[in-house]
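Shared between the two complexes below is chain A, which pairs with chain B and chain C, respectively.
This part shows the complex of A and B:
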């Protein structure tokens, strides 16, 4: 077992609202080993993106704050780190590729300058060294004629190229952890396939651990080693990716895996209706009751589910789920 | 719905939509496409961004003007209709848009949004319209009491249901669905896709369904056309397209979909680069620059859409060659 690079312990993130403080992430703990690809899955509003931001010390404060818990990067707590120290960690140790390459790049600087800026901030390198480095990075992420492209502005590049530039910026300091928040949702499938090939390739070359946030079960299956499923701010299931796909334990996970239409190479004339998870994700302020947050949408809910929220318990080697059906039988 | 003859809900022939630019250049958004949508079926147009699928769909509802070609809806050519004839034709063709957040007026109540097409077309008395709105709410799985709420009081999935109810209001023959589920969460997508499938079955509706998601199109559509840079490169039944794709672009699209089956990783066809710009098109096959099977001939002349077997047509010079036969 490799040493754990990142360890999140009992994380709670709260936001102040007109109705008082609400918790958008609760009791979240997970570990990330060197070179591992961890998937975080869930519907919008389940707390996955804010968790990613917290790993970089970027929870917008106010109104948000990390109200409990620790985030240890090689033993150092990010929650209590100073802003000055955080600036060193961001980019250098942990970096992030955002969802929307159109809005995450600065439209008035050339892409070369934007990559070089990161290199200069962290390595104190000269302008010309940093520029060289930017061109090297563009080459690494597979942009043709990087010397010319480095002078171009974001609007001159296609969506796939822009996302490559984002990845180049994220990787310029060879971070230990790369967080990718829905990195390909804005891209076409053929370009998405290219970006994921690139991720795999770079992971071999640089050896970074990757946290991949997505709602696409196919992407999870192809890219990750281990998966965390989040619902209403909590981790409700965790395990190796193969178990997640073939034998999901939590009814929500089962719903997520089964509700997507799967591409078949031998489609039938009359496809079965898709599995539906009824209802919608509860808003964080609706979670004051002690019940299981998924109970109102769950087909298998029984009395206990409405009384107490189930704890996350081991269900098999390396797997855990938070569901009373795993431990208590409906009576 | 049982019809004696398989009637056609929509017949598009040689549709061209060009957008002139100020510098005299032209965006070739849709460049001569033809297809038919039989009554009671869903026809899927798939392709990546910039392939012209949305422009083609909007031209079918006359929300953009066609440069040439015809769109036959019943006995009316919707590209030429004017005044009352156009208004009448639009009863029969309605649109469900991609983004349920921006396609509903935020200051209008849900009931009034759904009633609006009836008001505009002057269908029924006010009391009949109200009853129809109640029915429509029930049909799409909303409660009639929710009529008085505003769009922001609904979730994304419910908003898309409002959009669908509005499209159903005039009892159209055909609904153009432009990426109706791509802005929704995965769990909600299933609800909306099941709703669309049920409406098709129960009301005998036809769909022109636009999507970039092959799995979604496969699930809902009987016939599928694959578009690339304004042209249809392959068209066929659901089985023909997925059992035996013949165009290298279709093959690449299918193999680029991340599969939940974890063993299939590397029998893929990879394409390089991005599509060329629809302003300065290459002379030959538009896919040649990215195609792993391209030969010199491909960049010299444009292959035509040729019927290979049954209702399956493909625009590729090499479609018959053994190198392109996929191995399963």
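This part shows the complex of A and C:
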């Protein structure tokens, strides 16, 4: 087995609120291998984004903090790393593409300057070398006539272009891990497809491991090798993407997969009403009860679900789920 | 009109003809807007004339400003001294030219000091927040509640009224507004996505403060800086009027102050330097307003 690049162990992230300390992420463990694409899926508010920030040591503190667990990047713990070390890790080893390309670029510098500046800060290269590098990167992310575009300012570029620039900035230092936090939510569908093609392309070229955070199951199916499903701050299912789509084990995952609308032109194919998961994600402060967090929304819930939270147990080769129904199953 | 047209910077030719509009940097857009603003250009012209006169004037017009050269209280146009003389028979034109140097130097120096102190304190307070913010803002409030003129007078009297000390005194009583504005801008901008994004690729605090947030906070600060030159000149005039001026240097405020008791004998001794102060401050305000107009539409467009 290949050496794991990134290993998250028993991660717990807490936020101080007026009602006391609340855990927004708990008992989260996962591994990321070299060159792997890992999907993290879940509804809004399930702790995906804050997990991503914690990998960069960027949990807003106060009020948040990593209250337990370790995040090992090639054996080095990020949670206890100094701010100086974290600055080196950010960009060089792990970098991130954010959700909002419209506002994530600095409006006062040209895009070329922004890429070059990042390259300069990390490689100690000269101004002209860095500029060359910036143009190279723009080319790599598929921006036409990069020499000219490099002089343009963010407000002169479209959303898709800006996201390409963001990706160029994130990749200019050739990080080992690229975190993409819903990188296409703000873009329209055609651009979305282009950006994902780009990700896949770059992954082949650069060989970075990608953590793709999304709530779009279609994207997960297309892009990832392995999927983690999070619910209310916990990992509730994990497995290879094919199994995740065809044979989801946790009722929540089943719900997510069934939520995908299907197109059909055949009039005889009377579509069933689109499936929905009733209710909303519980707020983290409601999670003090020792029950399964999903139980109130689960149609299969039974007595045990309301008494004890199910542990994450292996259900098949390379797969795990946190549901009493799975553990009760014979075999 | 044709003069202005020639002043417009001609955009460099594109390497390849294409339908994509050429990249225009925000800075150049701002200058284009500024060029098109008549009032601002007028202000800039007046200001340039005053500055150039102050620099070159004393070399060309060599009448000593602090020596008696003619009958006291001569009105303008009645002697070889164009603007007449003051109550000691000193040449008013020489005073105006030499005083301009002092006045404008003090104005700029004090404004630079104001901006340096104000931006530093405001930036640190706004960026770090927490106890840094609380402490720095308490200090700012302390300076805000001191009566400006009185405090400046005390400083000048404690450390002899030299030009440097006067500039410093003006600087340390007038930075508070700049600090508050800078802090407010930093509080707003530090929450922006691009600051978060810069952090995520490894930018440290000093880079975030000076290279990321400050340039984005610059537009209102540039305007305040321009206007603070005007108020520093007025402040210096006020101090000189009260007698707190460098005895070895002539300044406009001091001319007004010196000639005040003789205003009934000759109105010119007060009016001429007064007009000079008025014109300078007016020109600076026009330029400041022009900058404001030129910079802000682009902010809205963003």
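Convention: the second predicted complex is superposed on the first by the 321 of 331 C-alpha atoms of A that agree within 3 Å, B and C clash if a C-alpha of one lies under 4 Å from a C-alpha of the other, contacts with A are read in each partner's own complex, and residues count from 1 in each chain.
Methods note: a residue touches a chain if its C-beta (ideal position, glycine included) is under 8 Å from a C-beta of that chain, and two chains touch if they have at least 3 such contacts.
As the structure is a computational prediction, the values presented were derived from the model and not from experiment.
With chain A as the common reference, the superposed partners chain B and chain C fit together side by side.
In the superposition on chain A, A:8 makes contact with neither chain B nor chain C. In the superposed model, A:160 makes contact with chain B only, not with chain C.
In the superposed model, B is the one of chain B and chain C that contacts more residues of chain A.
After overlaying the two complexes on the shared chain, residue contacts for A:178 are found with neither chain B nor chain C.
Of the two partner chains placed by the overlay, only chain B lies in contact with A:241; chain C stays clear of it. With both structures placed on the common chain, the touch criterion links A:217 to chain B but leaves chain C unconnected. Our angle of interest has its tip at the CA centre of chain A and reaches the CA centres of chain B and chain C; in the overlay it is 80°, to the nearest 10. Using the contact criterion defined above for the overlaid structures, shared-chain residue A:88 touches chain C, although it does not reach chain B. Least inter-chain distance for chain B and chain C in the combined superposition, rounded to the nearest angstrom, is 9, based on C-alpha atoms. Contacts from chain C toward chain A in the complex involve residues 14-16, 18, 20-21, 23, 25-26, 192-194, 196-204, 207, 211-212, 215-216, 218, 301-302.
Interface residues of chain A, counted against chain C in their complex, comprise 56, 58, 87-92, 95-96, 98, 100, 103-110, 117-118, 121-122, 145, 147-148, 151-153, 155-156, 166, 169-170, 173. On the chain B side of its complex with chain A, the touching residues are 48-49, 155, 157-158, 185-191, 193-194, 197-198, 212, 214-216, 218-220, 238-239, 242-243, 252-262, 265, 268, 270-274, 328.
Taken in their complex, chain A has these residues touching chain B: 43-44, 144, 158-161, 188-194, 196-197, 215-219, 221-223, 241-242, 245, 255-257, 259-267, 269, 271, 273-278, 280-281.
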